[in-house]
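Shared between the two complexes below is chain A, which has chain B as its partner in the first and chain C in the second.
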Partner chain A sequence: MRRRRRFLDLTFWGLALLAFVCIALPSLSIVGSVIHQAVPVLGWSLFTQRTNALGIENAILGSLLLLVGVLVVAGTIGVAGGVYLAEFAPARLQRFLRFFSDVLAGMPSIVVGYIGYVTLVVAFHWGFSLLAAVVALSVLVLPYIVKTTEVSFRQVPTTLREAAAGLGLPRSKTVWRILLPPAASGVISGLIVALAISTGELAPLLFTAGFSDQNPTLQLLHHQVPYLTSVTFTDLALPGARAHATAAAAAAVSLAIVVILIAAGRLMTVRARRATRGMAL
Partner chain B sequence: MTATAERATVPGPPSGLSARARRRSELTGRDVTVSAVLAVAAFVPAAALVWLTYEMAKQAYPAIVFNGWRFFTTKTFTLGNLYGGTPIVHHGYQAAHGAQYGVLPFLFGTVVSSAIAVVVAVPLSVGGALFLADRVPARLQGALGTFLEVLAGIPSVVFGLWGVFTFGPLMSRTGFKWLAALHIPWLSGSPGAGQGLLTASLVLAVMIIPIIASTTRELFRSVPPLTKEGAVALGLTPSETARHVTIPFVRTGILAATILGLGRALGETIAVLIISGNALNIYPHSIFDPFSTMAAGIAAILDGALTDSTGMALHALGEVGLVLLLVTLLANLGGRFLTRRFSVGGLPVGRGI
Partner chain C sequence: MTELPSIRVGPSRSPASGPQEDKLPSSEPSVSDPAEVEATHGPSVFRVENLFFYYGDHLALRDITLDIRPREITSLIGPSGCGKTTFIRCLNRLNDLIPGTRLEGRVEFDGESLYGPDVRAIELRRRIGMVFQKPNPFPKSIYENVALAPRMNRMKGNLDDVVEESLVRAALWDEVKDKLRASAFSLSGGQQQRLCIARAIAVRPEVILMDEPCSALDPVATFRIEELMEDLKNDYTIVIVTHNMQQAARVSDRTAFFTVDTSQGGRTGVMVEIGATSKIFTAPSDQRTEDYITGRFG
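And then the complex of A and B:
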């Protein structure tokens, strides 16, 4: 009996280990294969030439531009919304808004792309443009930012709010001066995750951003924006090893951006934990 | 019941003021302004959701009238002759000559691929998370957890690239060939180059694993040590503790995380578009055959639909999108209902990445 149970125990943990290996292997394989495939075209020309000359300079710049746009649009709206939910909203409204935000988080990205096309691009006459792309991406990542901001503010101990109220500080000043500093790291790490998500998105951009062999400009409307995931997607379907290598190179660069963002976000999470630790009474 | 309990713990207003009046009296004028501005921002996600759903319904409406029930009974989705022929008219709406819009194969592809993905992903995620939380020394946990974070951050187009050039060919040379050799109905046939239903479903599984696993790992960590120690004190082995105490303790959270993953699988576009083999108008005869999903179908056909001068092709894709939206919404709401129904302790649920 005892031997049987020990055997079952070992089998169980063996299976669990196997499951973990099944999770770890793909991530190693993906990173490895993408870099391996990108090797033939890796070099400075990749970063100094545009897509019409076998480089991806314009796509990198375009992707970064889109990230800045998302940070401006979704960042401000999302953080403001999250602060409202955590600090100002009445309980019933909180539940209502949180529900909508959660449902929006589950919205398929192609739906956002389709609606972005028929409304922003066509009906509003924006054309394939930076603004249409940024709005589509922002709708997609907004729920994440609202959520992380709300959670970061909630993690600040109530005693700080009570102390501020006891000293007669108005609510808005409490939020800005007292609650924001400890919550900031958490908020920023949420923003970074949102940027990581936007870097990898393609479906909402496919029919809102367009593509261009030129470097992106700051024109909001009527100017198409090149971006990395589109290079991967189109070159993948082209014949020829060179195109496939360029697709992999664009994938490797977007992967690198994501990994850098994740690392930065992690650093911020550690700081956030340190900022609120020991605050509660 | 919990609501009443909460209300009871809130201390009543001191001098007959309603709670609302008291709260208002505490806010300065500037607070009210700031709060109002922030409130506008807080309503944006809700407004965006309503707007998206409304626009989707508006775009789909002509197609709904034009198609009627045929949308759910036809298996052919063809845009018809976009460059000539007399447009056909049905219920007052025009469509290109020979156009037929049926959602069935798309719907089938979406449901089946997501179902396979979830069935594969859940045991792997729970097992892996359990191993990570229970069996790995604390020092290594952070390092090994990186796999999950990297996996969660990989762009879906990169999953597509990997699936089509690395994973698909590898599987068709090995695992799929062995599976096909067993001659189980629907699980047999030629794996080909490895593009098809099974490859796409497995890649979907890999894509949703980080969502389920990272949430589950946090849940396992949140299980109070006392509960587990009690089980150990009763003489349970570690695996029995896991099976009878740890996993049941957080099963609601696992269910919620699964629903989250299912939502992602249902709506995934680009990876499926690249790996599926993109077969239109047919059901896969075997698990290795090419297929398509609603999301991938929209992305694949939209370009062509834009050239339809009657505009019906675009509306029909809108109807496909509306069905996708409703399926995702139903999965979400169903998950919420289930979690509330089976909820025991109200443990927190993370959101994957």
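And then the complex of A and C:
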């Protein structure tokens, strides 16, 4: 009997280890090979030269700018929408919005890009531009932010809402001061994942951002925006080892951005959790 | 089923014309004459008339009529599921938070309709504090738990003083005065419940509603909270739901007995009788009350 249990125990651990290896090995090998391929161009000039001079400075700045844009646009709309769904919306509207959100979530990114092109770039005469790109990316990640925000707020126990209502606190203040702190870690994780997705997206940007060898500006309209995934995409198609190395370098920087985002998110969620430690959730 | 007379204030009746509550013959329902009540206690804080409460289609409370008098402790007792929680949450409109609920009848607070069309539930709830069955402090510091609502409601006065005063009042100050910035979750269950009481009195309500405040506490913590209620009674009107009959007998001035009625199909909460606690526990006028308090029921 005991031996049997020990055996089961070991098998379980073995399987868990195997699963871990299955996940960790490919990711590590991808990271490793990307960095390895980027080695020829890794150097200071990568970050100080623009794409017309074998650097990727403009693409890095453009990608970061897009992230800030997504955080502002999708972040505010998505969090507000999630809070509205969880705390304020009447049941019928909830069902409608959730359906709408699910449809949006299921939309292939290339379709989002194409619709963005037809409407924003062409019909609205925005041209390939920062705003068009940010809107297209935002539409793509919005459902994700809405969902994680809604779920995070729903997980906050009702007893806190009742306690706040019992004290005569208005709903808005209850959401902001009482419910947000315990929901924050979930909301932040959602935002981080949304930003990580944005960092890796190419399809919606192909149709909306354009590209430029210049560093991006804060001009919202009619100015094309360079970004990292475009460098990876186009340079891979070019002949020559140097171009391939640049493509790998752009991919490596994208990866680095994602890693930094996740680390920053972890840090923030840990802090947020510490504030609500001990609460029975 | 015993017919409960609804309470009507007869302005022309003098206090003397009403029968003395404690001398009512036990066959009579023990709702005392309102004019007499008014003379000795001032006007009722709550006056509930013919209240029906629905969760969707489910009738949870049928035809409840009672009054809650100022600066008294009124306890609500009765078997599980008879609607005590539902009832007490009607008194501060907390059931508004539950979708699909409906209330019929009249609830007056301080002489005005609680469910009137232009009553703002939020402002009302500042005047009616609530303590819940399970302690539910906010995930914030001890200080912040008490200070939050007064600050948001822009109450006058020094916040530190309000916090200290409320914690002293809730008999918690000595235990927490050196760690006001610590998380509320670092307190024991009984301390947390007293913190919730402090939080409730910090907004200076007129009434405190307590839904089984001691059910998660040990006898010592329970005793402290009972002492506290005795003290709070001087300034506040208290309504307490309790499963603990000794507690009801110990602390309350009046007791209302609720039960589950199945005679009209479905399980519906009804109030059997309300009266002086001493009377309810020694000479109840309804057989069901007697069965319950002598332990012959559920």
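By definition in this document, the second predicted complex is superposed on the first by the 240 of 281 C-alpha atoms of A that agree within 3 Å, B and C clash if a C-alpha of one lies under 4 Å from a C-alpha of the other, contacts with A are read in each partner's own complex, and residues count from 1 in each chain.
What we mean here is this: a contact is a pair of C-beta atoms (placed from the backbone, for glycine too) under 8 Å apart; a residue touches a chain by one contact, two chains touch by 3 or more.
Bear in mind that the values here come from a model prediction, so they are computed numbers and not experimental data.
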| item | value |
| --- | --- |
| Of chain B and chain C, the chain that contacts the larger number of chain A residues | B |
| Touching partner for A:159 - first (chain B), second (chain C), both, neither | second |
| Partner chain(s) touched by A:26 [first = chain B, second = chain C, both, neither] | first |
| Touching partner for A:178 - first (chain B), second (chain C), both, neither | second |
| Partner chain(s) touched by A:39 [first = chain B, second = chain C, both, neither] | neither |
| Partner chain(s) touched by A:170 [first = chain B, second = chain C, both, neither] | both |
| Partner chain in contact with A:238 - chain B first, chain C second, else both or neither | neither |
| Contacts of A:53 with chain B and chain C, given as first, second, both or neither | neither |
| First, second, both or neither for A:72, with chain B first and chain C second | neither |
| Doubly contacted residues of chain A, that is, touched by chain B and again by chain C | 165, 170 |
| Residues of chain A that touch chain B when the two form their complex | 5-6, 8-9, 12-13, 15-20, 22-24, 26-31, 33-34, 37, 76-78, 80-85, 88-89, 96-97, 100-115, 117-119, 139, 142-144, 146-147, 165, 170-172, 175, 193, 196-197, 199-203, 206-207, 229, 232-233, 236, 244, 247-248, 251, 254-255, 258-259, 261-262, 266 |
| Chain B - residues contacting chain A, complex | 26-28, 30-31, 34-35, 37-39, 41-46, 48-50, 52, 55-56, 59, 123-128, 130-132, 135, 144, 147-151, 153-162, 164-167, 206, 209-210, 213, 237-240, 242-243, 260, 263, 266-270, 274, 295, 298-299, 302, 314, 317-318, 321, 324-325, 328-329, 331-333, 351, 353 |
| Complex contacts: residues of chain A adjacent to chain C | 91, 157-170, 173, 177-178, 181-182, 275-279 |
| Parts of chain C lying in touch with chain A, wherever the complex brings them together | 92, 94, 97, 99, 122-127, 129-130, 132, 134, 136-140, 148-149, 152-153, 183, 185-186, 196, 199-200, 203 |
